[in-house]
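Per-chain numbering from 1; labels A, B, C, D, E and F assigned in written order.
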Amino acid sequence: MKTFSKKRLEIFVEEPILRRLTDALVDANVTGFTIVPALGGHGSAGPWHRENALSAAGHMVMLVCILDESLVEKVLEAAYRIVSRQIGIVTISDVEVVRPELF
Amino acid sequence: MKTFSKKRLEIFVEEPILRRLTDALVDANVTGFTIVPALGGHGSAGPWHRENALSAAGHMVMLVCILDESLVEKVLEAAYRIVSRQIGIVTISDVEVVRPELF
Amino acid sequence: MKTFSKKRLEIFVEEPILRRLTDALVDANVTGFTIVPALGGHGSAGPWHRENALSAAGHMVMLVCILDESLVEKVLEAAYRIVSRQIGIVTISDVEVVRPELF
Amino acid sequence: MADIFALASQNLLSPVVLFFVLGLAAALAKSDLAIPEQVAKTIALYLMFAIGFKGGAGMASHGLDAKLVGALLSGLILSAAIPFVAFGYLKTLSKLPRVDVAAVAAHYGSISIVTFVAATEALKTLEISSEGYMVAVAAAMEAPAILVGLYLAKSAVDKNAGGEVPLREILLNGSIVMLIGAFAIGWITGTEGLQKVESFIVSPFQGVLCLFLLDMGIIAGRGLRQGGKLLTPPVVFFALTMPVIGALIAAPFGWVTGLSAGGVALLCTLAASASYIAVPAAMRVALPEARPSIYLTLSLGVTFPFNLTIGIPLYNMIGTWIAG
Amino acid sequence: MADIFALASQNLLSPVVLFFVLGLAAALAKSDLAIPEQVAKTIALYLMFAIGFKGGAGMASHGLDAKLVGALLSGLILSAAIPFVAFGYLKTLSKLPRVDVAAVAAHYGSISIVTFVAATEALKTLEISSEGYMVAVAAAMEAPAILVGLYLAKSAVDKNAGGEVPLREILLNGSIVMLIGAFAIGWITGTEGLQKVESFIVSPFQGVLCLFLLDMGIIAGRGLRQGGKLLTPPVVFFALTMPVIGALIAAPFGWVTGLSAGGVALLCTLAASASYIAVPAAMRVALPEARPSIYLTLSLGVTFPFNLTIGIPLYNMIGTWIAG
Amino acid sequence: MADIFALASQNLLSPVVLFFVLGLAAALAKSDLAIPEQVAKTIALYLMFAIGFKGGAGMASHGLDAKLVGALLSGLILSAAIPFVAFGYLKTLSKLPRVDVAAVAAHYGSISIVTFVAATEALKTLEISSEGYMVAVAAAMEAPAILVGLYLAKSAVDKNAGGEVPLREILLNGSIVMLIGAFAIGWITGTEGLQKVESFIVSPFQGVLCLFLLDMGIIAGRGLRQGGKLLTPPVVFFALTMPVIGALIAAPFGWVTGLSAGGVALLCTLAASASYIAVPAAMRVALPEARPSIYLTLSLGVTFPFNLTIGIPLYNMIGTWIAG
């Protein structure tokens, strides 16, 4: 089956910032993205767990966006602008997709 | 530590279709897979969020399957057959594993 | 935007073992990691689903850790030691990041 | 007429309806107020538990009614017939593609159990009693409409594309099993059983229903915010008049079967209500080309609020008028 | 004998047991009916809260009983001794690997708190009272069996493989802490405290229990569907007879301690019941080679339903017979 | 003085406080006891529902009080003024960076609705009545402090860095909307409405509150375990004295407004309490440089327990003394 090269953007970000990030992605014309809730984690500020907070502050989510190489530059800049002051980890990797017309 | 090359299949699919997809993967002889619930996302049909629906319709999940290169062709075809009419994003990428005998 | 090469460690592990794994990662000096709950899956022991068990036994989680290449060897060994008797799938892949100083 | 307004305004000022309005307003104002998903699912199951059990216990104390068979048959016929009417009606009113129209038709033939619950509560406030087995009728009405909807869509869809009909999933979906199961247990254990679970399923019921309707309001509001642009006047007109048409079709069935005033009101409510849980999930499997933004916005965003506020008092009137 | 049947059939037709059967049937028919995970966990905590608090408040009003020490000791001994019996018995009956047999033995020495709760409710229906501190005995019986099980497995497992014993996790697992904590708070605040929380933990209790047993039924049914092939006749025979053996071992302890009829019944129930929450989690850490599909299917799929339906009336008979 | 101790010890031995202590102890002992996240969120909404509705129904039966405006104004002024006091006080006591001090100040100007609920329950036990509209005052006090906190932080933060103020999110956060909405519905439907939902929001209230405070205890305990190292003596001293200072600032406002003894006690409680839900979330957006480990540990780990145990009886004394 023929496959096509695309990019996979994965961002770990705090829930209170999420809406700003997704607005920026939509503005940057990605075709879509999916958000997965994190249960907990560990970082420079120590460990956290979803059950240990009543507030959304500190809750992380993972956002996955499959996109075309041509969009990467613009999207990275938009994402960076939002997470630069905040907690936020942005990674890019290579993937193959089956239906290139979706991205 | 010695590592071995395998493939990572990642599929975003709607919950009502999930059982058909997993049946197909089992039929295609993958050794296993793991399903992660999505919280929300955005696509051509606009945004969705798990809390915004009483129905499973539209709820996406992310399925991750580590598999041997030799299975990719067969699995991609099986997956494609199921998600072609439906919402579904299928990606393949390269990973290294420690215990090759598991896949 | 300039990006930098890092590694992405992805581990599927049973919840009862998780604390031992995360302790080992912290000991191995990773800068952080994020844990995502799995909803269900399929393996050599057949299918499982989070709703089908009152006990944490058998619940899988997915741990994602972005780290520097230099740590991979040590971290893989630590992870392997913990999951060797248990259910546990460890994969490594290449990613690009924007802020290298975080890892 | 004055009566309808009196009934409607009394209904409109009940906590249950006001919580729905609160949820709607919160969502339209973009508040993040939400009932967490797993809790919302549990409340839905709780409602099935409660009305199923009460219906079954009612059966146990009033005895098996010969009219049960007539009522069940009426339900099955209505569920299968209404999609044809809805299909023709919406096809005439709008230019939506055939596949969307068929999907919408399936939703209106099937039922909304929360609308049924709200109608039951309204009857209780008016001290009108109804047949316990109406919950069984509700369960029977869920599936036929889906099959008719798929049949209506058939010519619009590529037959080779797969899209098997998920019949087992439809018939054995969680809500239906809970409803029928609780009904059976209520029937078996009777008044004695009801006494044991009364302070769980009877006394706090209205309060829990408020919470659930808050959530329904939120979901309806968010749906309207996103799907609102699809709501052309003819389509909205359909969603506001189709429930009344369904109720008017149902009324003679209630009369022929010999149901009580409350029973007729409930049968009309079932016919008038449109599904937004079971049918959408089935459509995603069997008819993925139909757009959820259309059928969900219509059934949950327009018809549900209409029934909750104006429809239910109207169907109660019809019931009283026919069999009061 | 006739009495057992009368008791058993009365028990069988209680809403609680019927909801378990509903869940079982739904799972076997592949319905997607399910109580969401977080809600199920909360209900489990609620049950601990309720029976812990009621037990503690009972202590407060009846005063500290000298028999408490005897009862606690009995529990500890039974929990440590029963795994040896279960191990030898299952080893004789089946050809399962030593490590699986040891894991199963640990489950049968430990306890199922829901079985205990169901027994308490059955006693209440029969208007037989019991010692409030039996919940403390239940808590005491959870851990010893796990240690004995690990000891029995030792020779079968590679010692270098790691697999530390998660003692702190076992002793401080959430359910136990909730149970003991609520017991202490019930004791401290007494009748006055109970009054404040009564309409939360007493009146709706049976209804909530129905919901929980529905979930237990679903989980047991799904486990049977998957693990059923492992259920050879000897293994099923073990899971049906071991609870009775456990109860018969416990009965003399209850008699020597001087417990009331209800207390003896509860001690037998605890001995007869098998864990499916705390012990499986501990086994995954300390004994990962043992197969969950075996121990979970036996304890949840066979022994739990047996105790719920036939066992509990039997243990009540034993209690009444010994101390009635 | 003796009175405070009597009140405080009576308060300390209530189930609600003891469950908080249980949660705290469980977390410090590293037990995995936890209320699942979605359930905890729902219970928080339930508490808003209950106190909002009861407050509104109280308004309906006692009529619109001219003092309402005075009370609302008092709340707004207190919420805006207290952050300045807290800022100066903590700046003097500690060497924390300006941005952390400003964030902490915002938390102490804003309110903790659970502290308010606990105070309401304590008043009920003492049979002291209070104004129903105090819940509206609580809602009014949430936001102003956040704006003042951001203003205080301004000079410390790079202005180009973005960090827009999430005003809409603050004003329309779920808890506030639920509180105000339930208040409005309670007001509209009055005693009749209250009767319908009474066995949901009144009778089980204390029990649900116990569960929620158990969770608060767990979260506070885990926060202390992690953030404990940040708790230098001056900072702890701040968190223990700032609530009393807040209450003393609020008391004259209560007196001038002419509130009842219960009303003054509640106003003092609001002023004394510190936010740990809405404000932290707002700070993460608008002031990400401030460390959650500091503001959350102080407000939830120190001030909340202080208010729950010692503060509330003290503020009740103040209320009785001023307006009793």
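Here is the rule we go by: contacts are C-beta pairs under 8 Å (C-beta built on N, C-alpha and C of every residue); 3 or more make two chains touch, one makes a residue touch a chain.
The structure presented is a predicted model; accordingly, all values stated were derived computationally and were not measured.
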item	value
Those chains which touch subunit D and also touch subunit A	B, F
Co-neighbours of subunit F and subunit B - touch as defined	A, D
D-E or C-E - the one linked by more C-beta pairs in contact	D-E
Interface sides of subunit A and subunit B: same vs different residues, half threshold	different
Of all other chains, the one whose Cα centre sits farthest from subunit C	D
Computed distance of Cα centres, subunit C from subunit B, in Å	18
Length of the line joining the C-alpha centres of subunit C and subunit F, rounded to whole Å	39
Whole-Å gap separating subunit B and subunit D, where each centre is the average of the chain's CA atoms	34
Set of subunit F residues in contact with two or more other chains	34-39, 41, 169, 199, 203-204
Junction residues of subunit B - those touching two or more other chains	36-37, 47, 93-94
Pairs of chains satisfying the touch condition	A-B, A-C, A-F, B-C, B-D, C-E, D-E, D-F, E-F
Residues of subunit A defined as touching subunit B within the complex	1, 3, 6, 8, 22, 25-26, 30-37, 61, 64, 66, 93-99, 102
List of subunit C residues in touch with subunit B within their complex	10, 12, 36-44, 47, 60, 62, 73, 76-77, 79-80, 89-94
Interfacial residue positions of subunit F with respect to subunit E in the complex	13-15, 18-19, 22, 25-26, 29-39, 199, 203-208, 210-211, 214
Complex contacts: residues of subunit E adjacent to subunit F	37-39, 41-42, 45-46, 49, 53, 168-169, 172-174, 177-178, 181-182, 184-185, 188-189, 193, 196-201, 203-204
Interfacial residue positions of subunit B with respect to subunit D in the complex	14, 16-17, 20, 45-47, 49-58, 81-82, 84-87
